[in-house]
């Protein structure tokens, strides 16, 4: 394998030989490589956030017919650096009565839980952190650590609004994790492995063609997991005073947002790995490094859809959100799993040209059936009238009564 | 001492210290956070035992779900236990005696066993194959009954817990 | 290499700490947390035995035991906490010594 | 311990250290001028009354409970899904029965109204 076909593998090999040439043992050389690779990957993910924040502000600005950031540097590209400079010099305000360890640990966990996902994502055949044999469950488990970070933020802050916000956020996250895991069982079934590398390698036909409904469910639930619009009711920053992060300031507050932006990009990466064939594309067998290009093109497209969704859709109410998850997504994901498992076993051995239309047709039928059922329920259900309640008046005797006598006393 | 031994000692120190704090913490919410740390430490021990699947499942189920559920329950029942008073029964020295006796007895009995200090065999290539585990779990010669019984157990737990926890309409 | 005894002693210690919590804690939620510790000690034991004594590619007894124990732990926590919440609703207490309705 | 776990361990430590270092650095750079008003708990400008305690809805518990049960269900389904390619049709149907039993539980929860947020 020459340098130009796979610069990453060649560079690692060169570095390993160099270290061993310096008289290190093979294990020590491996450890140093791990350390270097980890620092590059984790640092790279954090550096990416700087660009993501700028891109998102610019795109949302254009959607809303604004220019977006345009002062610092060409197209405002250095705007985020100015923001970083500012947030680094802000004061930390630590409210009285906080539980210091959970309070200070929470923002660190919120970011670390997202970065840790990057350890198992395969960018090309050779470029990945670790090809963990249980990578998919690892990704889910790391999400649980992020949840704990939110609980710690809510409880450590010693503020009832932070606590309520944290519990709403956690309830939302755990609810949407169910259809997500069930939808992800379909790529696992197709690959026969939980490793993200094997799942990518198995997709000669992209999984989105075999299970489009599962892909849709994963996309929706992953957006809800991050808590972005239209699922951002917990921390609707334009309407409420934040959620669980209300008592944070300076960079501690900023890191919750860094975690959010990075998580939004990370779920786009996961969508690419699970349903869009990851690094797969033409000529990847000859030139593996092309895989990284395909990977980032696909991821950016998914991320763009994500941003446009954020710009376009209105926010859910909490009861709508819970209903949508438990009464629509969960039964739907279970039935998709059952139907796909049966259909795949029964059409085994047929050519892909027969199988894919069968899968697409079955998914379409399921979606149609689910829509009909939802619509029938929605039509038959008595609707609550949306009116504001009469409010008590401070001094009823001086209130102006519009009906009586035209307001003249 | 090998690296694995040092790692084991660190992880088990974390587990034991966190477990002691779970039992002794006055504030119940702190105890829950210590419990999360203890469960996480147990996941690390599982990873040390080459059981990667159970290491991640431990975090997924215990930290992600059971600890979350415990914290929800603590929030629902908060405010009725006075945190400032002692959280242990009056008979706690007796309980301590029982536990120390049990621990001593267990260690004594185990140390009589001739395989107590056996070393781990090398891991064969296919020893850890989830495909075969899935096959064994669903084959009638394997553990099919356990598999389906677990599903019924979960169903019963779900129905029972919802019945108990749901506020009855009308009162 | 780590001998089997280390894992067994760790599991015994964890089990005894959990047992102490079950016997001595007042708050019934804390009692349930201690039960979780005891179940985890059992899991460590099962996996250690699998790794050290029964490591063959056909015997999945250890795995099945652990996986069923996960289900049991989940069921136990769910129902136990539901009972505590239900008792809290009617009696406004979670102290284990106050649950005396069935006392003779 | 497989070597991937060593990488994951090192990586996790780095992932924790980077934000922690940044937060510490910002703490050194930023000003420190606390005063009692600034440090009071945020509550719409009014002083906090009572403890940090609000009555939570049992609804949270129900959703946590459903999550726990389904989470454990997926633990059983992961080996089933990994082995799916080599499983006979009978075993696949066993897995489907497993799912349907749990779906029954979901329908029960739906019927008694545990799924609606009141």
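Going in written order, the chains are labelled A, B, C and D, and every chain counts its residues from 1.
The rule is simple: contacts are C-beta pairs under 8 Å (C-beta built on N, C-alpha and C of every residue); 3 or more make two chains touch, one makes a residue touch a chain.
What you are looking at is a predicted structure, and each value in this text was computed from that prediction instead of being measured.
S.K.: Which chains lie in contact with each of subunit B and subunit C?
M.R.: Touches both subunit B and subunit C: D.
S.K.: Hey, which pair has more contacts between C-betas, A-D or A-B?
M.R.: Most C-beta pairs in contact, of the two: A-D.
S.K.: Find the geometric centre of each of subunit A and subunit D from their Cα atoms only, then give the gap between the two centres in Å, rounded to an integer.
M.R.: Subunit A and subunit D have C-alpha centres separated by 14 Å.
S.K.: Report the inter-chain centroid distance for subunit A and subunit B in whole angstrom, where each centroid is the mean of the CA atoms.
M.R.: 29
S.K.: Centre to centre, by mean C-alpha position, how many angstrom separate subunit C and subunit D?
M.R.: The mean C-alpha positions of subunit C and subunit D differ by 21 Å.
S.K.: Approximately how many whole Å separate the CA-defined centres of subunit B and subunit D?
M.R.: Computed from C-alpha means, the inter-chain centre distance equals 17 Å.
S.K.: Residue numbers in subunit B touching 2 or more other chains?
M.R.: Where subunit B meets two or more other chains at a single residue, that happens at 4, 48, 50, 52-53, 55, 57, 60-61, 64-66, 68-69, 72-73, 75-76, 130-133, 137, 150, 154, 157-158, 161-163, 165, 167.
S.K.: If you look at subunit A, which of its residues touch at least two other chains?
M.R.: 132-133, 137-138, 163, 167, 174, 177, 192-194
S.K.: Counting only residues that touch at least two other chains, what does the list for subunit C look like?
M.R.: 67, 70-71, 74, 77-78, 81-82, 85
S.K.: Considering only which chains touch which, label the overall pattern as line, ring, star, complete or other.
M.R.: Contact map by chain: other.
S.K.: Help me check something: in the complex, which residues belonging to subunit B touch subunit D?
M.R.: Spelled out, the residues of subunit B in touch with subunit D are 4, 7, 47-48, 50, 52-53, 55, 57, 60-61, 64-66, 68-69, 72-73, 75-76, 78-79, 130-135, 137-140, 144, 147-148, 150-152, 154-155, 157-159, 161-163, 165-167, 169.
S.K.: State the interface residues of subunit D toward subunit C in the complex, per the touch definition above.
M.R.: 58, 61, 65, 68-69, 71-72, 75-76
S.K.: Using the touch definition up top, name the residues of subunit C that touch subunit B in the complex.
M.R.: 1-10, 12-21, 23-27, 29-30, 32-34, 36-37, 40, 43-44, 47-48, 50-53, 55-58, 60, 63-64, 66-68, 70-75, 77-79, 81-86, 88-89, 92-95, 97
S.K.: What residues of subunit B sit close enough to touch subunit A in their complex?
M.R.: So the residues of subunit B touching subunit A come out as 29-30, 33, 36, 52-53, 55-57, 59-60, 63-65, 67-68, 71-72, 75, 128, 130-131.
S.K.: Going by the contact rule set out above, which residues of subunit D touch subunit B in the complex?
M.R.: Within the complex, subunit D contacts subunit B at residues 1-2, 5, 51, 53, 56, 58, 60-62, 64-69, 71-73, 75-76, 78-87, 90-91, 94-95, 97-98, 101-102, 104-105, 108-109, 112-114.
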